[in-house]
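Both of the next two complexes hold chain A, though its partner changes from chain B to chain C.
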Partner chain A sequence: MKLNPDERWDLIDSIASHVVTYGEYRHTLKDAIGELTVKPMTGIPIAIAVMYCFWSVFGSFAGTLCTDGFFVKLFDGYWLPWLQEVFPGKGGWLYSILIDAGGMTNGEFILSDNCFEAFGVLTSGLFVAIGVVLPAIVIFYLMLTLLEDIGYMPRLAVLIDTVLHKIGLHGYAIVPTILSLGCNVPAVTATRILETRKQRFIMMTLLAIFIPCGAQLGIMEEVIPGLVGYVLLYLVIGYFIFGFVLNKIVPGKSPEILIDVPQYQKPMMANVRRKLWMRVSSFFKVAVPFVLLGCVVVNVLYLVGFIQWLGDLLAPVFVGWFGVPKETAGPLVAAFLRKDLAVAQLSVIEMTQYQMLSAVVLVSIYFPCVATFAMMLKEGWKELIGSVAVLAVVVFLYGGIIHLIGKLLGVA
Partner chain B sequence: MAEKNNFVMICIAILGLVTVSFGLADILVSAGGDVTGLSILEIPGDMFRGGWGGLIVLFAGLFYLSGCKNVAEVHNASKVAIGSVLIWIMAGTDIFAMITESIPGGEDGPWFNSLSGFLGTYAPPYAPAIFLLPFSLVVVYYILKQERAR
Partner chain C sequence: MKILLMGHPNVGKSVFFNRLTGANVIESNYSGTTVDYTRGYMSLDGKEVEVVDVPGTFSLDPKDRAEEVAVAMLKEAKDAYVICVIDSSKLERGLYLALQIMEEGYSVIIALNMDDVAEDKNIKIDSQKLEQILGVPVVSTIAIENIGISKVISRLKDAKPVDVEDITVMRAGMNHRGKCGCT
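Take a look at the complex of A and B:
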């Protein structure tokens, strides 16, 4: 059936009369609150409060309740001593890899007294995966899902749009950025939300370098609770400085966006449950094998003397340029497999507080973990090579700058 | 009606001033780095709860003050409601922290806390936001009542 223009308008009028309700629009309290959350003057304080709530609940649930409250006791008090007791071949290479790498004092093999120091696959590996990362990831994704389903995330995107345009991105870049705080792997996929190759490259590079994952945050909260704020401060500053530089040197366009901001609404628990399960389970499919594999590879590298050799080789750079002990070479190698594991390893190396801060920032900005690396490769090998080149420059420059700041403050 | 509005305005303004004072006290105490206790009131001295938390309490007070004049108008009511939401965030996170501390039995203790230890965690002193919580609830109740009547 072919309609002339008049008939089309008649049809439109007829449909509209059935589906459109006319009346006086009344500005509701919900509308007014929605507006306040996107205006910078009022929206920024609200965003600060939301982030505060996010981190406070994260720390209380994952750190105080789950890890410190129960898992440390379970793993250090029961699991580790039991395995140390029943597993045969104390001091042997299999024992070192699976249970406890321990230490030698006066030619005698000394067992570790906690799972952070043991570095065995079945001790540190399981403790990190279940005792630290699981609660951190569950609460992180629960909070993120609630913020999404309430309708706060699009408002945060609008609020931060102007700032992110300065680094060549737009408001929606907040989605991969916050997802990345859970795990870099889905965040790399989420960069597809950005329109141009330039934006995707900048986002992928920045999240691989400057955004610590939930597992790493969980470990940092556990082993260096007093320094987490400073580490994040250094990372946020680096995110914007290097984002600004990348925006200037990377060719391509950064278009504007049009966001549909929905009304605030009550989240549906069934949706929250489904999303949470999907995210946590996919994280664990990726993370747990890498944590366990990471333990094996790092232990083997220690046993064959590779870490010692690498530490000696890189000592001038680590000690002279970055201002950290040469022993941090080992955790940096481990960081390629799992960054959370690397932070745990750093915690047992003797160093000053500022050296610890520098070392943790270095681990964070150093090479993305191998799972993220594989994901970036899937997005394009040219982008991956570009990101790695940027990363090498950033690690060298930023590591040196942090050391310099410490020297100027008299703390390094 | 006008008299009632004036009364509400004065109440919210007082709440705003008290909230601003608590926020400033939080920031100043955390800048000093020590925990300050005044009987049942405790101002945290750490950068996170005292510094950032204090800033949020300060913002809440400013929201109350900016919306207290003619709270019957929807835009002003929304500012006051946001002020209350910020107080809930602060008080809610403090209460949640207490709950998570009260359940485990401690490093060398049993798996779960004893009843006296559990209840003891909820004893005073409290952070300023917890004292502001009941007042913020009353304010929001009033605003929602106004919204329904509109």
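Take a look at the complex of A and C:
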């Protein structure tokens, strides 16, 4: 037999009255902290403090301590010179792909002196994957896991709800957004917590375009520390501008939600450890092959002259419209495979600060990496085509606007 | 044999799943951590049993994509046992889903999870009485501390389909020999 909702609730009421006894309500310390972090007056400053803390720990642990303090010394001081020495066939194509493409100065083959410039699979590839991205991802996920297990995320969702409604989403969209700062791939799946197709489409498109992943954040901190803030500013502004536009033009509904705010909990160390391990290892299963493959593909394309050809072909667009040097064609090809790799490549191209800023923003908003692309396809090909169409428009428009802003400021 | 773990978002289904199967799925303290189902295996009386961690759902009338996945999972596995995980501090709304699942004719066992949270809030549930009323096994658990999980497993054999028509609070008066003391 089946009941209708009213009968069901009646039955539940009578059951509950027999089995549940409510004691006196106690206002505990947990409740008090819970209220402080969710009421706007106190909650917003706390949220800003938490985010600031998150960012500074991320930068100082991953960038300063691990990468600069250890991996740069290891890779540039020992690994690179050793490989350059022992690997046979200096100047040959295999040497260029695996170890060091080097540079020709006055007809003489000059080896690179650091792992950003060498661009071999075994040098730059490994350095980017292990020396830069690994520490960034580990510390990012450690902090995210702690925030999750404590139960802070739904509170953040409550605080940001009003703002996200302006772009057709609601507070809970903060979950895929923050996950996306680690890696876009699981974030695409996480968009399923949103109710309507419209919301999922907006979220997926915005995160694929405007949210840099942990790997990219890590490498940006490393190679363009002075510009990261500006890059993020451009991305955040873009996220809201285009979110606002999408909300207006995409048909469908954006319902209100009720958010369930759980009690704060002490994180269980065993759970944190396990979750961290799962996330880091699954990230690396996806990331490392693509970083290494990316190095191979880009090196081969350089060797056969494709990148130069593409650069010349696209020069009018790159130089005239976006205001970046035509050499950025190479990194843009790499960006499809891995954005971290692309940023690393950009960092060794000679250009002005503003051009670098524009180029890094372009790499971020241009095509999602191939793993994200595959994940979006899994969620539905119609959405994917829609997202790509939006993306093309956004890259062209926003890239042009950024160039224009530079011109108006007199820096481009 | 197949076991589905079902319940509202953020009641600890994934914690249950990991404890039962020794597998690793992401657990967090917020709704919507699990948006896709995960399968795992545990052994029960020497036999291998499939366990499915189903995304959280408030009712069997889906409101989002993750809930659609949940409802489809249930419909697909007609002869499955369902461990209905309920947040003890929010019994009523948990029962709503449990009743819906029972109405569909599934063998249900109820895990009153997060017993510690209910205790914090000074809420007490008489699980034995609830078991007598519903006619399905009811076990109090604190999954993250691994309390009560093995009891849930040992009670699985008692789970059987129940007709909701037979559920009345009158049964609470029954004694252990099954004779009704009430009129």
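In the analysis below, the second predicted complex is superposed on the first by the 385 of 412 C-alpha atoms of A that agree within 3 Å, B and C clash if a C-alpha of one lies under 4 Å from a C-alpha of the other, contacts with A are read in each partner's own complex, and residues count from 1 in each chain.
The criterion applied here is as follows: contacts are C-beta pairs under 8 Å (C-beta built on N, C-alpha and C of every residue); 3 or more make two chains touch, one makes a residue touch a chain.
Not measured: the values here are computed from a predicted model.
Shared-chain residue A:P45: touches chain B; no touch with chain C.
By the touch criterion stated above, A:K73 is placed in contact with chain B alone, chain C being left untouched.
Looking at the shared chain after the overlay, A:T28 reaches both chain B and chain C. Partner contacting the larger number of chain A residues, of chain B and chain C: C. Of the two partner chains placed by superposition, only chain B is touched by A:C53; chain C is not. When the shared chain is aligned, chain C comes close enough to touch A:R8, but chain B does not. In the superposed model, A:E195 makes contact with chain C only, not with chain B.
By the touch criterion defined above, A:L94 reaches neither chain B nor chain C.
Residues 26, 28 of chain A lie at the contact with chain B in one complex and at the contact with chain C in the other. Interface residues of chain B facing chain A in the complex, by the touch rule stated above, are 47-49, 52-53, 55-56, 59, 62-63, 74-75, 77-79, 81-82, 85-86, 89-90, 92-93, 96-97, 99-101, 103-104, 107, 111, 143-144, 147, 150. Listing the residues of chain A that touch chain B in their complex gives 26-29, 31-33, 35-36, 42, 45-46, 48-50, 52-53, 55-57, 60-61, 64-65, 68-70, 72-73, 229. The touching residues of chain C, counted against chain A in their complex, run 9-10, 15, 18, 24, 26-33, 35-36, 63-66, 69, 91-92, 95-96, 99-100, 103, 117, 120-127, 129-130, 133-134, 144, 163-165, 167, 169, 172.
Remark: chain A residues 1-3, 8-9, 11-26, 28, 30, 145, 148-151, 153-154, 172, 175, 189-190, 192-195, 200, 259-260, 262-263, 265, 268, 271, 274-275, 278-279 touch chain C in the complex.
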